[in-house]
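Let me begin by handing over the structure; questions about it come next.
Naming follows writing order (A, B, C and D), and every chain is counted from residue 1.
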Amino acid sequence: MRQITFSQATLEAMAEEMRRDENIFVMGEDIARQGGVFGQFKGLSDEFGDRIMDTPISETAIIGAAVGAAMAGMRPVADMHFADFMGVAMDELFNQMAKIRYMFGGQTTVPMIVRAPDGLSSCAAAQHSQSIEAWFMNIPGIKVVAPSNPADAKGLLKSALRDDNPVIYFENKILYREKGEVSEEEFLVPIGKANIVREGTDITIISYSIGMKKAYEVADKLEKQGIHAEIIDLRTLVPYDKEAILKSVKKTHRLAIIHEAVKQGGAGSEIAAFVAENAIEYLDAPIMRFGAPFVPVPFSPPLEKAYRLDSDKIVEEILEKF
Amino acid sequence: MRQITFSQATLEAMAEEMRRDENIFVMGEDIARQGGVFGQFKGLSDEFGDRIMDTPISETAIIGAAVGAAMAGMRPVADMHFADFMGVAMDELFNQMAKIRYMFGGQTTVPMIVRAPDGLSSCAAAQHSQSIEAWFMNIPGIKVVAPSNPADAKGLLKSALRDDNPVIYFENKILYREKGEVSEEEFLVPIGKANIVREGTDITIISYSIGMKKAYEVADKLEKQGIHAEIIDLRTLVPYDKEAILKSVKKTHRLAIIHEAVKQGGAGSEIAAFVAENAIEYLDAPIMRFGAPFVPVPFSPPLEKAYRLDSDKIVEEILEKF
Amino acid sequence: MERYNKDLLNTLYYKMYKIRRFEENIESFFLNGEIPGFVHLYIGEEAIASGVCASLTDKDYIASTHRGHGHTIAKGADLNKVMAEIFGKKTGFCKGKGGSMHIADFSVGMLGANGVVGGGFNLAVGAALAIKKQKRDNVSVVFFGDGASNRGTFHEALNLASVWKLPVVFVCENNEWASTTPYRTTTSVADISTRAAGYSMASKIADGNDVFDVYESFKEALDYVKAGNGPFFLEAKTYRIKGHYVGDPELYRTKEEVQKVFDENNPIDRFEEKVLIEGLMTEVELEEIRIKVENEIKEAINFALNSEFPDPSELFDDLYV
Amino acid sequence: MERYNKDLLNTLYYKMYKIRRFEENIESFFLNGEIPGFVHLYIGEEAIASGVCASLTDKDYIASTHRGHGHTIAKGADLNKVMAEIFGKKTGFCKGKGGSMHIADFSVGMLGANGVVGGGFNLAVGAALAIKKQKRDNVSVVFFGDGASNRGTFHEALNLASVWKLPVVFVCENNEWASTTPYRTTTSVADISTRAAGYSMASKIADGNDVFDVYESFKEALDYVKAGNGPFFLEAKTYRIKGHYVGDPELYRTKEEVQKVFDENNPIDRFEEKVLIEGLMTEVELEEIRIKVENEIKEAINFALNSEFPDPSELFDDLYV
């Protein structure tokens, strides 16, 4: 199958769906003239003209106007430039976008997508490196996806563009340039379904987005020790695939959760707690979470390196529990 | 000992500390003229004059200016009116307040307090009823406290007012009117230390803030079934008292966590995950979390009632696991 | 006054009077403990919503505030369902999930009250953007208070509406108070419309207690906006007659101060006086409208009181599609 | 020109030239891959930070932007530590934790660059509030771009500063670009200072490429603010000569357009021309300053290059007190 980058995969999803649905349009900073900070909108304005709109540096207006346009029949895509800037529009995200449908008794839908490039890149420091998906797991009314590869990037974005609920689409900055197989046929990846990307018997490793790279590394290293890990790519964080998780844990009796975001209060906490609540009797070892330490992201290369997940350390800690 | 309300306790803490430290001042909406939406600042402006400042409806300015003033040698207290409005100033809270000290290599401190009245009151609906403390457990650089009674309210606020780190002080709207014993002597409650408010042998119940009311109800009801619950009032969410939690769980072999906030991705997830990671072998039953369902807070009384924690149901679920 | 045909006069009076009587009833039900949550009354400001909405159709949008009953009624929402919602009944517009602070009627383009002050600006701008993209000949209106004009969303919304020349009218209800705070102590301009120049936006000040002035001014705004000139800023000067919310002890001002404004500058009295003196309407005609309003309100009250509360099982409905 | 004694002239030239040469060096180190992260250069805008900071002391505060090297240097921060920080060394101001986008020197009142556009407004307002509460005779200055002027924080900060009459000067560096976007397409006024009137705030426009005009205008602002009149808004018109960040392909404008501005309106050339023609300084004096600057920069580079990176164990330092 052909290989394309994650970034190209999102571009294809956008173009295909924008051709299909004329209500889709895109708002954000530097997306029309520049094609996005990471090139993830490159060329779209050639085909779609003023459906790709460069905005002022006004994040509350970007999200707020997207909500308003969604209520008035459009299907806006709002680009956040960096996920780090979602805090600027947090009220619009959690008090408006997430609540409108419910609070108004289902009178309207808010079909919109928030695209949020996240994660460490290369020494972008404290305010340009964050992964804050966990907050949104605590906010009812939003769907949250976080693809880990080009095919999922395309399939989930297409699904999101057809979903009548607000969807936050976390796209990792490092993954943009990664290549992977993506079918030329049209396909969707359903929101809410995890992907068992590797079957195994000895331990379940759950991850999503860039964390999946570590998941594979860790699984490969464990394999060398004769430990067969089952890897679950969560794909969607809200709603997350409870069934797939339980099924796997009941089979492997062990669980490790890996994500790049801060460990304390991270998405892994919810997953771990869910399993401890629903399958503790199947577990032969502590549930392990691996995530960033409890400090802001530092700038200097050796500090950033120390901040990052290290698959050797993860393997070591896992082995200690075997 | 004399009894005063939670609200009075915070007033005493403010007044005592403001007398001690002339750098403390307070900013917020309707706090000088009105004494706060819940009367929690009542009378302070009589004694402290322009150290109690009514602001415009400008939450980013309230938090941002507090950060700026803190860096310039003051010790600001910023009132958020309702915790629900913290989203408006989320960037200031998480990208500025929380990160400044670390990101600038310790060149400055940011001694400030954010006071955030939270929780359900009486049919205040989706945007005036929330508890969002979990988000802040995922953000390094902030301390987070959530007192459950007048004595802790006073002691923790006084500690916060002497802490050189930014502290978010979640104060529950219903608790304001509750009375409790508060010593007339000066005292502090240390940030980061949990309180074992009742010793028990059969199950550990962890809670904080208004959740503690349910914790007591549940424990009392369990007691009638011959089950002796140990109750931990967490008091502080960041940093939370890991030692106290582990010690108790290792003794009781069971754990239930209760909070009013949304269960999914709530503070209970972190606590549960922590225990599943560090003491799973001591557990005789699943770790149970009790929190709000995954919907915004509805307005109508029967819906709001259905939304609330119900100690009978909690007891029932706990008993099922015995 | 030639454009004031009977229909229009009836409409203006009908809307104003309906809002007034609705609010008076809400106030007493609330004080009797029959309405849950809290409510903010629009009494004394009826001329603004009425004068604005008289020129709007169901295809035009409005975004509202925490003080939203007046806007909702003026926009033509079914009174029964407004009343039922405020009582928390399942027959209300939001099936009891919203209440006073989240009243909405999407069928008439009323995009919702908002518990977040300043939350409506960008929603209205977004609706105007949709109108423009859909090449429709409609407008979007956002009502907001003097207090809301100090929120950052005000700035971002006005700037965006201006650079994109969107069909939106910003209607500032300057009632001189933001809960307990006189606007002059927190707002750095005397006329909030002064700020429009910072966005190259046309603006006007109207007497918010004179429904004719509001109507005329808004018409001007509408013509301007519909001609494709971009947004318009209308500041309506008024005064908050009631407490910030029902039950507000109002320690921050004197009863006399308020009474004086109400006696001298009551928009409904002013309308009545004017139409009678100028012979535009008769006392009989006014009375007919009042009777109609009373009947509708009585019906709405009955409807609300006789409606069921939602069933607890409905808690989980309407979250996701 | 009488107030321009030799000291002052030296200072202005020294600051500008130092920033210029610093940035040129940073650019080439970055292009050589020796600087981590990303950097935004201040080349062509030196007159603004220099003209402003010439009148400030260490007890005055500035809040800066993502494009903060110039502000930091103009405020008098130790060049070695600035350079070391940008290289990510532990001898830098932030011990390597901040880098270019978070450079800060609290010892000279430089409250930090900011990775969040528009993040500095309220910080500066807060510092001004502290000054007022401490009854000190200082000021707080916030530098910000044309792009930042569309953030809600701009509005909230200006309003608050105005109603509380705080000693703060808002210095808008209108360099016509917000990354790839020409400011006129996203900003609803031609002169951003027009917005000051919306906060009853005094304002002025200066030629941001003429350090004398910036100096004079800022002096005026300072006198105004120190007299207790409240905040002042100064818009400095300039142009962004370099790409938004080093490495920016700049597809959105032509090289010629940029070169033309740089040739005709280079603040350093303009200074040199002026002082030479008016006989205020000699070529020898200018050269002396340039040599001094080169030496300082050389030293700073050596310092940075010879400094250690932080030890991984330092990751956990400096979070809480």
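As a working rule, a contact is a pair of C-beta atoms (placed from the backbone, for glycine too) under 8 Å apart; a residue touches a chain by one contact, two chains touch by 3 or more.
Predicted model only: the values in this text are computed from it and were never measured.
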item: Third chains touching both chain C and chain B; value: A, D
item: Centroid spacing, where centroids are CA-atom means, of chain B and chain D in whole angstrom; value: 40
item: Whole-Å gap separating chain A and chain B, where each centre is the average of the chain's CA atoms; value: 30
item: Between chain A and chain D, centroid-to-centroid distance (C-alpha), Å; value: 37
item: Residues of chain D touching at least two other chains; value: 94, 96-98, 102, 114-116, 150-153, 156, 159, 163, 185-187, 319
item: Touching two or more other chains - residue numbers and ranges from chain A; value: 55-56, 58-60, 84-85, 88, 91, 95, 102-103, 125-127, 140-141, 294-296, 298
item: Overall pattern in which the protein chains touch one another (line/ring/star/complete/other); value: complete
item: Touch list for chain C against partner chain A, complex; value: 61, 63, 92-98, 102, 104-107, 111-112, 114-116, 119, 121-131, 133-134, 140, 152-153, 156-157, 159-160, 163-164, 317-321
item: Residues of chain A defined as touching chain B within the complex; value: 84-88, 90-91, 93-95, 98-99, 102-103, 125-127, 132, 134-141, 238, 261-262, 264-270, 272-273, 275-278, 280-281, 283, 285-289, 294-296, 298
item: Chain B - residues contacting chain C, complex; value: 29-30, 33-34, 54-60, 84-85, 88, 122-128, 293-296, 298-303, 305-307
item: Complex interface listing, chain D residues touching chain A; value: 36-38, 88-90, 94, 96-99, 101-102, 114-118, 147-148, 150-152, 178-181, 185-187, 251-252, 309-316, 319
item: List of chain B residues in touch with chain D within their complex; value: 25, 53, 55-56, 58-61, 63-74, 76, 91-92, 95-96, 100-109, 140-141, 143, 163-165
